[in-house]
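Pasting the structures here.
Each of the two complexes below includes chain A, the first together with chain B, the second together with chain C.
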Partner chain A sequence: MSVSTLDTPAPSANTRLTAALPWVAITATLIVLPLLFSSNSMISTLNYLGTMAIFALSYNVLLGQTGLLSLGHGTFFGLGGFIATHAILHMADAGVSFPLPLIPAIGGFGALILGFFGGWLASGRGGMPFAMITLGLAELVYAAAALFPSIYGSEEGVSFDRMDLGASFGMDYGPTVDIYVIIAVWFLICAGVLYYFSKTPLGLLTNAVRDNAERIEFLGFSARRVRMLAYAIAAAVAGVAGSLAALNFEIMTVNEMGATTCMLVLLMTYIGGTKHFFGPVLGAIVIGLMKIWLSDISPAWMMYFGLLFIFVVMVQPAGLAGILMDGIALLRSGSVGAQAPLLGLIGLAGAFALTGTIILIELAYRAGLDATLGPQITVLGLPLSTASVLSWGLGLICAGGGVIAMRPLFDRLATLRHSLSKGETA
Partner chain B sequence: MSAEVITFSLLNGTLYGMLLFLLASGLTLIFSMMGVLNFAHASFFMLGAYFGYEISKIVGFFPALILAPVLVGLFGALIERYGLRRVHKFGHLGELLFTIGVAFVIEEAIQMIWGRSPMDYQVPEALNFTAFEIFGTGYPAFRLFMLIMSVAIFAGLALLLTRTRVGLIVKASLTHPEMVSMLGHDVPLVFMSVFGVGSALAGVAGVIGGPILITQPSMAAALGPILFVIVVVGGLGSLTGAFIASLLVGFIQTFAVAIDLSVADVFGLIGITQPPAALGALVSDIWNVSVSQVGPVIPYLLLVVMLIFRPMGLIGKRA
Partner chain C sequence: MTHALELRNLKKSFGSVEIIRGVNLDLRQGERHALIGPNGAGKSTLFHLISGRIAPTSGEILFQSQNIAGKPPAEIVRAGLSRSFQITNIFPQMSVLDNLRCAVLWKLGHRYSIFRQTPTLPDVAIECERLLDQLGLTRRAHDTADSLTYPEQRALELGLAVASGANTLLLDEPMAGMNHSETEAALQLIMKVTEGKTLLMVEHDMGVIFEMADRISVLVYGQIIATGTPQEIRANRAVQEAYLGTSEEDAA
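And now, the complex of A and B:
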């Protein structure tokens, strides 16, 4: 049985052009970004977002493509980073000259090998057992790391100097922007490889395993092997991301492969949207920026993450990318004008609910965790106090009112859309 | 190892194992019911501990022992009714992700309300005495109380499930929900109740475990993975398996702490006192590792070994 017997029409020049368009746009964006945001801290932020985007893309090979929920993907991020770190340290010690930009290849290859082993253990079954085995493996590696201080360092981790390997490709890797170049190129490589992978026969098989593993077995494929390969590939790319993170921060700690990292990548990927190839990138950017900026403004940023995650899980499983795609489809449908008043009202109700929720959460944090800072707090420009019933009431009314108004508005929207579609066919 | 250490480790191992079983039993019941592992289960345990602490400040420990689990149980039932049941249409993945989100939010909410530092949740005065003495060392009454509570709940649960009509309906709903529904029982209500009772059991474990294990926001994250190890090692969906695995993990962890033996000691017996330098830094790492340090790793090692040799768990039907 071979897949190539399927007759697919050769893609015309036009469709090839449309297919290439996003990649051209991404490359252009990657070139323009450091020119627009040239301060050191901004480049540093971009570097972080880039590594997280690669990491989230790798995770989506499992979650979106193969339908496997891994709770231990951070392990490979961390292991890849440690492999890269030790590769640099050893080569610098031995005086070997090795171009720094190729270090992530070492980290990725190491993670690939480990990924095969982990995949062999974990891939026997999908679904719930898979999730738990990956969780167990991650906890095992994390707990065992404490026993090997010479590999993982103790509390303070293992640090190195990325300039020790010397200059190559015309860069000495001192400035952050040099690392940006490395990360941008690796992002293009990883995204390209993973996109290509999703179109290969194996990539299509992973989708089939997600949709109906039993049927795949009947067709003579081994679902286990497909899962294992997907796991190893995801691990390899996560290893690359981990190596890049190590290059960026010049330090690797055991916490990088702990439960927090495993959870973060799940949040990023799922919130971004698992059903579109670039959804995870969107998620990585949004969550990454939230993590950097929101943590400065609000003590409740982790709470917002959690609530956003629950919101996406309950209401919009296609994630932010799904919302974006719905919006584009709406614009193209040509019936925006008729729906605009209702959509505006829904938006207003949503804004009210969001404002109310933010007020309540900020007040609660000030009343609980940060009580020592005093009862006065300014939320979204409003002067509030944890001691006043009015402040709490305002939050409750906004949040409750917004949520209660939502249901009838959505019902009306559904009716309107129904009548619109009827009008089209008539 | 002396007889004293063995006796105390046996006692503490049974105690810890039974406490774990209080949690694992609810988790297993919920799993066999919905096919979903409730990630928030350890968070319900943590809620139990915090509620227990807060309520026992007002009305004392023993009323809190009833009130806190009831509150946690109600909270769990609400989560099932208005959360889990709605995401059911997105399949098991959606449900699992939902419970992960709930666990995340509960941990944050607890930090929001009670702060990040541990609570001063003390053993109640009425139970703060020495129950009995063996080998000249006293055994605290509170630990004995925990043991009795856990065993009593275990026995009660076993009787309820195997000897009563309610247990019959619950067990039938797990395997044949349509048929039970056809016979006129409200299956969604059964599911909600089982979820609530499972959460309440976790709450009980929290109230009685809080003073011994430290009541702090990270207690759920520390215990959660161990619970999953127990449920998998015991065999998914098997109560008996969960019971055996709970005790096993309880013993492993308490005995590992008690054994103060390192690799260096073993080699010291045959006269080698220094790690051979030729073998590098890795060996000298392992050289000083003692059994008590390996303790936290063993449950996960057990999980991996189990999955390689017996993927269906100790007493599991499904591979």
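And now, the complex of A and C:
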């Protein structure tokens, strides 16, 4: 299986150009986005997605690159955010002038130091012990935070005014779009640094640790040292993401470094795809949007998260980026026309399965948790009722029929994918 | 006479079972030394002890007059002793080139560097190109290691051991599982890449051993029962009884 951008051969002028292409495209997108979506709430959404994208990229240093399952990465997001928050509060108090856009560097540096310490504790071994120690550390920090309300605030967190540090770079940081600029620039910096890192000797060694940690010991390296360094670097970038989140919301709460955040970053990264450098960004965007929009329109949004996760794990372990790559491979092979009936059928079966599932989930929520709202409910424009057998039947038939039809279609798809990947390497 | 490696009364027990039962062995500088012995004699275990994969229960391992017994593998490789494995032990999802890059990074002094991109390091590129050429893997440089054929994987396994730049090599059955022509090719390859180095090699194929070895040691049931030139070993009655006779019949 190709690891695409993580695995380009020696650079020539031509490959340099193609390597630069995604970065030019991303920069252009970052410039165009706020022009297209200029309302305050849209910009706010973009800011959220940007911080999550940085956070997910940092997590993939561990999950995809080094093969380490950290269950406590949210800790560094939170700690970075609190460091940034207190840096702003103290400097504003002391009347020190410091440009706000550089605050995430402080949060990131603080998280780097803490990451070295955490990494030193956690990285003796990979696999299960690593996962358990990171979980333990996260719980420890979370519980300890309650003991220091002056640092972590109580329930309502620590808030600040981002304009207190004054204007710099021609912005006063009142408008959300000013924060967008900061986040966009930091996104480019973090993605660039992490991409560069993946190509360095240490980056290569992280892949080696993922593949066969024992063997690198027999090549003169310490797997523990590699894990620790990867952990610290991931922590630093998570700290930057946390700082940016703090700037965006002007508040930091202990919840930001709790188990939910740790799980969220794992979901985003895995669903986006760990095998491709930009996979986690894709995951952050999809999950981030689901979180914002779905939670508005459906009480069952967590359920859809879970379904998407299961779907990705079962259909394409390389995540949404993997599905995208399959699609591109299909386009390149020029056999889209020939495969159109299969793809059309899959789309149809998928639409049925999805519709049925949504109907069932919404009905179940209305019948259970939200029973007080009455039996009548409109799902996808259909007037349904929890009291009607017809409604439930419709959901069941759609979902069941779609899923049953899907199975043989997926087998065909697997064959197609196999032949495509063979055609590519030949 | 200088010894590259000396084992002094080396012992290893797993629980109450003693697997290595007081091994004494000298490896002369620059010699090709074969280690033979029946299945389960403890040859791989001996290699694990020398290379630091497991710590001995007692005894000394003197490498260039330093006791390396119980030291971690990385330290032993850096001191100049590297090994290959009986069961292929490579980086399966990485390209062949990246496998070799990992193996040369330490000796070229790049270590855990984060300031240069690996593909732009000229010394790494030159060294890997040379290794790929030697191993006959140039054509496969950008394929993942797990897509290699079995003999190619064994060549890469050997390459990782050689690439680390050590002057003393322990090779654990580098040709196990190969057919006749593959074995012959592998032998030529080993002779080529280990030129000027001290070599200790476990091998079952008597033809190979008598062709390449300066001296042979016979390990039976955790003890060295004889060490000598191929002629001496062939003539040794204890060896014939314990091991060689049956094996030569098998081979014939």
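Just so it is clear, the second predicted complex is superposed on the first by the 399 of 426 C-alpha atoms of A that agree within 3 Å, B and C clash if a C-alpha of one lies under 4 Å from a C-alpha of the other, contacts with A are read in each partner's own complex, and residues count from 1 in each chain.
Keep this in mind: a residue touches a chain if its C-beta (ideal position, glycine included) is under 8 Å from a C-beta of that chain, and two chains touch if they have at least 3 such contacts.
Please read these numbers as outputs of a predicted model, since none were measured by experiment.
Of the two partner chains placed by superposition, only chain C is touched by A:Arg215; chain B is not.
Considering which of chain B and chain C touches more of chain A, the answer is B. In the superposed model, A:Gly127 makes contact with chain B only, not with chain C. In the superposition on chain A, A:Asn207 contacts chain C only, with no contact to chain B. Applying the stated contact rule after C-alpha superposition, one finds that A:Tyr196 touches chain C and leaves chain B untouched. Of the two partner chains placed around the shared chain by superposition, neither chain B nor chain C is touched by A:Phe169. Against chain A, in their complex, chain C makes its touches with residues 51, 53, 72-74, 77-78, 82-83, 89-95, 98, 101-103, 105-107, 110-121, 125, 142, 144, 160, 163-164. The part of chain B that touches chain A in the complex is made up of residues 31, 35-37, 83, 86-87, 90, 92-94, 96-98, 100-102, 104-105, 108-109, 111-116, 221, 225, 228-229, 231-232, 236, 281-282, 284-286, 289, 293-294, 296-297, 300-301, 303-304, 307-308, 311, 319. For chain A in complex with chain B, the residues that touch the partner chain are 67, 69, 121, 124-125, 127-129, 131-133, 135-137, 139-140, 143-144, 146-151, 259, 263, 266, 270, 300, 302-303, 305-307, 309-310, 313-314, 317, 361, 364-365, 368-369.
Contact residues on chain A toward chain C in their complex (touch as defined above): 1, 3, 7-11, 196-197, 199-205, 207-208, 210-212, 214-222, 225-226, 229.
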